[in-house]
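Chain naming follows the written order as A, B, C, D, E and F, and within any one chain the residues start at number 1.
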Amino acid sequence: MDLSMSDVRLARGLAKIREIHGEAGIEVLKSLEAASPELARFTVEFAFGDVYRGGALTTQQQQIATIAALVVLGHAQPQLRVHIRGALNVGCTRAQVMQVIVQMAVYGGFPAALNAAFTAKSLFDELDRES
Amino acid sequence: MDLSMSDVRLARGLAKIREIHGEAGIEVLKSLEAASPELARFTVEFAFGDVYRGGALTTQQQQIATIAALVVLGHAQPQLRVHIRGALNVGCTRAQVMQVIVQMAVYGGFPAALNAAFTAKSLFDELDRES
Amino acid sequence: MDLSMSDVRLARGLAKIREIHGEAGIEVLKSLEAASPELARFTVEFAFGDVYRGGALTTQQQQIATIAALVVLGHAQPQLRVHIRGALNVGCTRAQVMQVIVQMAVYGGFPAALNAAFTAKSLFDELDRES
Amino acid sequence: MDLSMSDVRLARGLAKIREIHGEAGIEVLKSLEAASPELARFTVEFAFGDVYRGGALTTQQQQIATIAALVVLGHAQPQLRVHIRGALNVGCTRAQVMQVIVQMAVYGGFPAALNAAFTAKSLFDELDRES
Amino acid sequence: MDLSMSDVRLARGLAKIREIHGEAGIEVLKSLEAASPELARFTVEFAFGDVYRGGALTTQQQQIATIAALVVLGHAQPQLRVHIRGALNVGCTRAQVMQVIVQMAVYGGFPAALNAAFTAKSLFDELDRES
Amino acid sequence: MDLSMSDVRLARGLAKIREIHGEAGIEVLKSLEAASPELARFTVEFAFGDVYRGGALTTQQQQIATIAALVVLGHAQPQLRVHIRGALNVGCTRAQVMQVIVQMAVYGGFPAALNAAFTAKSLFDELDRES
């Protein structure tokens, strides 16, 4: 993927990644590109360039939906961590993030919620050490 | 479950069910009570009385999180239908509901999103016929 | 699959199916055989002939484990129904079956538990009508 | 979605849908479009236009992978049925389809494999009646 | 969560945690409380105080059901480890635990069963070193 | 498990493991045998001795189906790694493996595909260092 490629969807996707995840998101993307340039391109163009384009949902509502999904999936801890940080970046509070996680105990079960709560706590601690 | 029982959590849960799901929610509850009074009581007291009590999330945000989770689970079409209606009841728009569903194609895959979109469409059509 | 075939594992599996599920189990098996003789043979020989052979668990404990798994999987309502009936056949009570289902709300979430409770209730009602 | 819209990805996606699923695929697409035009467009452009574009895998290998995934997901019977028909359309045999399903008993468990085998059988019977 | 709080459900839940998991369970709980006091409270009050209260199932049967569910979920290795130890604490044998895991190969697939068997083995080895 | 035991299914299973996974597969098997001799035996006899016996699918097609399933399951990274290596052993290319993974973004969601792509990349890097 040529990051300077002049493609509307790609540019829109990269802008959305920067808005939600900041430079950390671009780092994850580069690491994905090393594994599969095609999957990296689809992530930027489709997930961030098309789907997150939205219109009906605010960016905060989008992150709440994504966190809920990642908690319930159970096997997506790296993505959950990235999106919790993204949720905080776009203005969600830690209390809101944790409440989504707690709510998921009802839908995905307690083990999924507990593992997510530990992931969130570990990120919050890291953010506290950074600041 | 004695629906008139004077218990704080039970009363709080029933009020929350009425707020989100209206009398249709109480009907579902009665049918659950016929299957398992214990599970019905836990649904009211714990899910609606404790978890949805919230504080950090608005009722709309809670419904967005729940719909995201139910789409991704894939096997929860009856609950998805009930919660889409609940989301509309508390002020989410149809466009917002559908956008959460579309967003879930990224996290839970297209089949889960497609089945959810058909469930939402079928509910929207029913609501149109009712009105 | 020649049901009269003199094979130890096959005979052991068929005996186990009859013990747990009765003639209803043989009917399910025949219908599976019409779809895939190979899968039918593996179900008898491996699942029932090998795995359920057990030794450490009682037949009741095996059915409790299977029901728990089927509730949590969420997409296996036909198998759940068959195994709830099997659990009753080998001496589990309806109260025990329902308690396993309720317990699964903690591990697989409330939607999975609710759908399972409705499946169990529908079977219990059918059994009441039959008797 | 304007089906005549001159967009490369859209055209490529529609051609791929016709190649794999024939006119039946276009029918499913129209019904999806009635539920969510956005999700219909993403299905054509992204899933069929981008992902299935492939290069390294043959169309038969792609269908084998998709069927395996749909069996294991468990909650995607409508998509499984559509893709089994698609697999037959592109030259896979019924025996190959059924063997993928049986193999999935090892990875997704017997209930998922059994439900898939019944779905396949029901489609095969329908195809036999049609011919 | 004030661990000395005089609440019937909380006290009942803590007693159940001590019965099943011993002081190790209280340690996990404290660590969860540091991440989310609310989720910790719900775990004690609801999961252990309400659901495990049971009546129809023995504590051993409850642990068998929980282990089956955790194996099949696949993403809950930390909880699986804790509950295997709990199962041994309440009188289940290692052979029974392993047989539940093996049985789950039929319902959740071999990968879930294999990962669970390795988790159980690692715990058994640790217990052998401790004794 | 007595590896020299003269049993047709066992011998056939071990030969299939050696064909797909080489001596590395036998090592995994020994480690599984230390955890559960019964599960090790079932893996050899049933999964490799019976199911992979096939007839309708080539060994490459079988590996493609298995990789698709393991990506979508999400919680089976160790097995995914083993089977990607197996796919390469039986003649699949790295490009084919990665394309199956990318295709799974459509069916199991992007998080499952991303985690699988990183697992594949880590294996490819290891193989490059070995050679």
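The rule is simple: contacts are C-beta pairs under 8 Å (C-beta built on N, C-alpha and C of every residue); 3 or more make two chains touch, one makes a residue touch a chain.
Note that this is a predicted model, so its numbers are computed, not measured.
Peer 1: Could you tell me which chains make contact with chain C and chain F both?
Peer 2: Of all the chains present, those in contact with both chain C and chain F are A, B, D, E.
Peer 1: When contacts are scored as defined above, which chain pair ends up with more C-beta pairs, C-D or B-E?
Peer 2: Top pair by contacting C-beta pairs is C-D.
Peer 1: Could you put a whole-Å number on the gap between the CA centroids of chain A and chain D?
Peer 2: 29
Peer 1: Cα centroid separation between chain B and chain C, in whole Å?
Peer 2: Here chain B and chain C have centroids separated by 30 Å.
Peer 1: Could you say which residues in chain E touch two or more other chains, in rising order?
Peer 2: Chain E, residues with two or more chain partners: 42, 46-47, 51, 70, 72-76, 98-99, 102, 105-111.
Peer 1: Classify the inter-chain contact topology: is it line, ring, star, complete, or other?
Peer 2: Topology of the interface graph: complete, with all chain pairs in contact.
Peer 1: Sort out for me which residues of chain C touch chain D in the complex.
Peer 2: Touching chain D from chain C are residues 31-32, 34-36, 38-39, 42-43, 47, 70, 73-76, 78-79.
Peer 1: Spell out the residues on chain D that touch chain C in their complex, using ranges where they run on.
Peer 2: It comes out as residues 73-75, 98-99, 101-102, 105, 109-115, 117-118, 120-121.
Peer 1: Which positions of chain A touch chain C when the two form their complex?
Peer 2: 72, 105-111
Peer 1: Enumerate the contact residues on chain D facing chain A in the complex.
Peer 2: Going through chain D, the ones touching chain A are 42, 46, 50-51.
Peer 1: If we count contacts the way the header does, which residues on chain E are in touch with chain C in the complex?
Peer 2: Going through chain E, the ones touching chain C are 46-47, 51-52, 54-57, 61-62, 64-73, 76, 93, 95-96, 98-100, 102-108.
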